[in-house]
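Two complexes are shown next, each including chain A; its partner changes from chain B in the first to chain C in the second.
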Partner chain A sequence: MRKKIDLRGWALPAAVLAVWWVATTEGWVNTKLIVPPGNVLLVAAKTLAEPVFWQGVLFSVVRDASGFVLGALTGIALGGLLGASRRAEHVIGPSFHALRQISLFAWLPLLSTWFGYGEGAKLVFIALSTLYPVTLGTFEGVRSITRQHVEVGRIYRFTRTQFAFRLLLPGAAPQIATGLTLGLVSAWVATIGSEFLLANWGNGLGNIIIKGRAAFNVELIIVGMLAIGIVGGMLNHLAARIEARTLHWQARH
Partner chain B sequence: MGVASDDARVFAPDARREQAQGPWPAAMRAKLTGATQHLGRIASGLILPGLVLALWWTASHRRWVPEQLLPAPPLVWQTLKDLWVSGDLLSNVAFSASRVGWSLGLGGSIGLTLGFGLALSPTLRAYALPSFNVVSQFPVLGWVPLLIIFAGIDEALKISAISIAAVVPVTLNTFRGVANVPRALLEVASVYRFSLPQLLWRVVLPAAAPSLFTGLRQAVMQAWLSLVFVELLASSEGIGYLIVWGRQLAQPDLVVAGMVVIGGIGVLLDAGLRWLEGRLQGWRSPAF
Partner chain C sequence: MAQAGTLEVKSLSKHYRVKEESLPVLDDLCLAIRPGEFVSIVGASGCGKSTLLRLIIGLEGDYRGEILLDGQRISGTSLDRGIVFQEHRLFPWLTVEQNVAVGVLNAPGGQEEKWKSVQEHIELVGLKGFETAYPHQLSGGMSQRVAIARALVSRPEVLLLDEPFGALDALTRSHLQRELERIWRAEGITAILVTHDVEEAVALGDRVVVMQPRPGRIKRIVDVPLPRSRDRGSRAFAAIKDDVLGEFAAPPRMALFDPPSERTPLFSDLRFSI
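After this line comes the complex of A and B, so read on.
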């Protein structure tokens, strides 16, 4: 039995759009501030035709991906270490949790002092934003592995590398995946945030929007906002598909 | 020793006394090793910060790194003390705290209303949930440039941006918590002919409490994150502004001092939420 598509969900957006359209065409509001929806479409079409926009999107996505990979690898290593060794947990754990309490964006001014305004500071910042959730996820995943599993590994005389790659990583995979998903969301927020805050340096989606704000180009800001949401949504969608594909063996158990 | 064992005998539960057949010093020794273990854990947790601090101190003392990049620890401490004495620290923290407070109040009440509404009314759910799901996908940061256009860069911007950050987690968790109240509980309530306020107050609210708390925790964390972002982007007071100011004056000691304060407030927020969660659970457990 297929469910009928509920059209009621479209009522609210349609109403908002209608009010927006009528209010701007009838001149009830300052159309410089609240721009007509038609203009947004026009600017969107114009922006999408420009290579500069796509270049910005590409820069942001590559920046996001490189920072994410850097942070995710570090996070998996750190989380695995903290999870597998009580001693490491006792020595590193408290510092890790204390540093985690520093709100993410507070790092950016210091990082830009250290690594300059270019890519360096942004990459480290994005990696840091990914590091926290991935480390926590990996830690919990490794802790969920039972003693029995480790004993089986001992019986097979696993080497250290075998323990890490054939027991710890697969055993912790579901929680690592959760951590990676959270890390991806966090990395995208960090990408856009760092581009906003360091708007005069570098190229990216965030830079385009902040420049639109400086020029009071409301249409461009709205288009940029939509682009941020759509790219973020696509990244999450991609991640969910990769997760489903790589963890498909889980369902068999 | 004798007094201690007397105390232990008085306070130890019966079952445990029967189990611990051995002489009392064994229990004492266990307690003692427990205490030393606890101390050992604290000490091992301090190794790394100690090493980092020592390295930091030496690096700045011997001028391995220029002072513009790495301020000396005594300088940071002095800056913190100066900020405290001049009252700048408290006034800026107060600014930030009032922003978070107002936004949590505003965003939280909107989120609670919306979450309860979505969970209790199928009509509202059909009309508003799809739109809400789409809008909540957008990161709060994306809203900020648009909000600057509408609200300027004054308090209205900060309150609205931080409120949006709080609304989304509160709404989602309230909705989930209330919608997932077990049917059995609702049936019991209808057997007892509970009125609607009774149903909400005595069944739905307690059953949804853990979810509501998760919403609160996420909202506080999101609000705190957005606050620092907005203050870094555009503000003339507040704890984030302190850092920007230090950056502009090329005073890294002020930047690090600001980070230390932000970290300290983060620790306090985390501890406060944990305390609240403990109380919540303490109140829950006797029911089952």
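After this line comes the complex of A and C, so read on.
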């Protein structure tokens, strides 16, 4: 069954667009700074026709996915360890929570000192941004597994591997999914952020905006922003679909 | 296929440590159970009856005395002893047949043989057609049937039941009691049922062990020499039931104090919902 689309959500964007359009055509604003929506559309059509744009999208998405996978796998392993072992929680936990207090962007100077402005630094930065939410989600998930279920594992003589993959991982899956969803959002933010702040005039959606700014091309900046929003939204939509499929065993309330 | 086991409990004592204090839970308990026998254990809460089952299944250690299965001292959990708890404890991410298969995950034998056993036991508990259902789609009684199948699928010698029907409504409970009797007969297994329902204990047990609390010990063992399936309306049934209930005509102190639940030190972080 398809859900009927609720049009009310479109009211606000439509109003903004209308005000924008009227404001620029009536000349209420400086159209050098606030460009007419029609121009944005034209630049968008031109940009989309260039292979460089699609190359940029591809680079950004691949960059995002690589950093995300790296951070997610590390996060699941770390969160699982912290959740399953009290000793690990006592030894590693405080350092983890202390490091978490350092704003992600504060890592950038150090990362660029170590890794330069190339792919390596960007990848580590994106992975780090994914690591925190995924670790926390996995930790919470593993901690939510009941003693009763652990006893079932003991009764049926689960090995360590069976405990990890047949109890901890599936048992923590709902919270891991939440962590991954949050991780995906921050990975995309970090991807664009890394393209801005570790800019090396390379490929990526972030670079389109930088080019637009350098050329004082406001239309191009807006096109870049829209592209970033749309790609990010599509990534989240994809993640939600995958989550719903994997967690179909959950009772829906 | 495993045979029904002889279970011997000799001078069994168990203490819990609660805030530096030693709390006796079981004191010098002796009980011998014949192969294929059905023994019911009744007692007020805090009499250590669940602890006794947890010791026999091997989830708890650190006791004095002996627990012998076919003359062998038990150590830890083992697939030759199965258990069903009051909560079904199924894994919500597995289907009915996958949950039952957990019982044979580490059992010897080939995949095909195991799968056959899984299907047989799903049929035994009357859940044919529900193999691919998830626990959230099942009623409480059906979930408990799955738990019984999981406990039996590795063909253990002893089946332990810790208030298995305690959380079910009266109608489902009496239906499942009859089903349990049928399954016990079909499997020819030794069974120990812990319950606080005296009628259930008398209806199912060859013997009813009455326990008393603080510290947990056996007060009396009542034989139930009635033919199966038992007519609960009969005079003989009522007489035995009254006899067992008579043992609960407790001294007033039992009513005045709420005895600390035997599970308190174990399940302080209980986050389970049925």
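Convention: the second predicted complex is superposed on the first by the 234 of 253 C-alpha atoms of A that agree within 3 Å, B and C clash if a C-alpha of one lies under 4 Å from a C-alpha of the other, contacts with A are read in each partner's own complex, and residues count from 1 in each chain.
The rule is simple: a residue touches a chain if its C-beta (ideal position, glycine included) is under 8 Å from a C-beta of that chain, and two chains touch if they have at least 3 such contacts.
As the structure is a prediction and not an experimental result, all values here were calculated from the model.
Superposition model on chain A: chain B and chain C are shown accommodated side by side without a clash. Legend: residue contacts after superposition of the two complexes on their common chain; A:189 is shown touching chain B, with no touch to chain C.
With both structures placed on the common chain, the touch criterion links A:50 to neither chain B nor chain C. Of the two partner chains placed by superposition, only chain B is touched by A:105; chain C is not. Superposition on the shared chain A places chain B and chain C such that, viewed from the Cα centre of chain A, they span 80 degrees in steps of 10. In the superposition on chain A, A:170 contacts chain C only, with no contact to chain B. By the touch criterion defined above, A:213 lies against chain B but remains apart from chain C after alignment on the C-alpha atoms of chain A. When the two complexes are overlaid, the chain among chain B and chain C that reaches more residues of chain A is B.
When the two structures are aligned on the shared chain, A:94 is found in touch with chain B, with no touch to chain C. Once the two complexes are overlaid on the shared chain, A:249 sits against chain C while remaining clear of chain B.
Minimum C-alpha separation, chain B to chain C, in the superposed model: 7 Å.
Shared contact residues of chain A, touching chain B in one structure and chain C in the other, are absent. Residue ranges of chain A in contact with chain C, taken from their complex: 144, 146-149, 151-152, 154-159, 162, 166-167, 170-171, 173, 249-251. By the touch criterion given at the top, residues 40-41, 44-49, 52, 68-69, 123, 126-131, 137-139, 141-146, 148-150, 224-225, 227-229, 232-233, 240, 243-244, 246-247, 252, 255-256, 258-259, 262-264, 266-267, 269-270 of chain B touch chain A in their complex. The residues of chain C lying in touch with chain A in their complex are 57-59, 77-79, 82-83, 85, 87, 89, 91-94, 102-103, 105-106, 134, 136, 154, 266-267, 269-272. Every residue of chain A that touches chain B in the complex is listed here, in rising order: 6, 8-13, 33, 87, 90-95, 98-110, 112-114, 185, 188-189, 192-193, 196-197, 209-210, 212-213, 216, 218, 221-222, 224-225, 228-229, 232-233.
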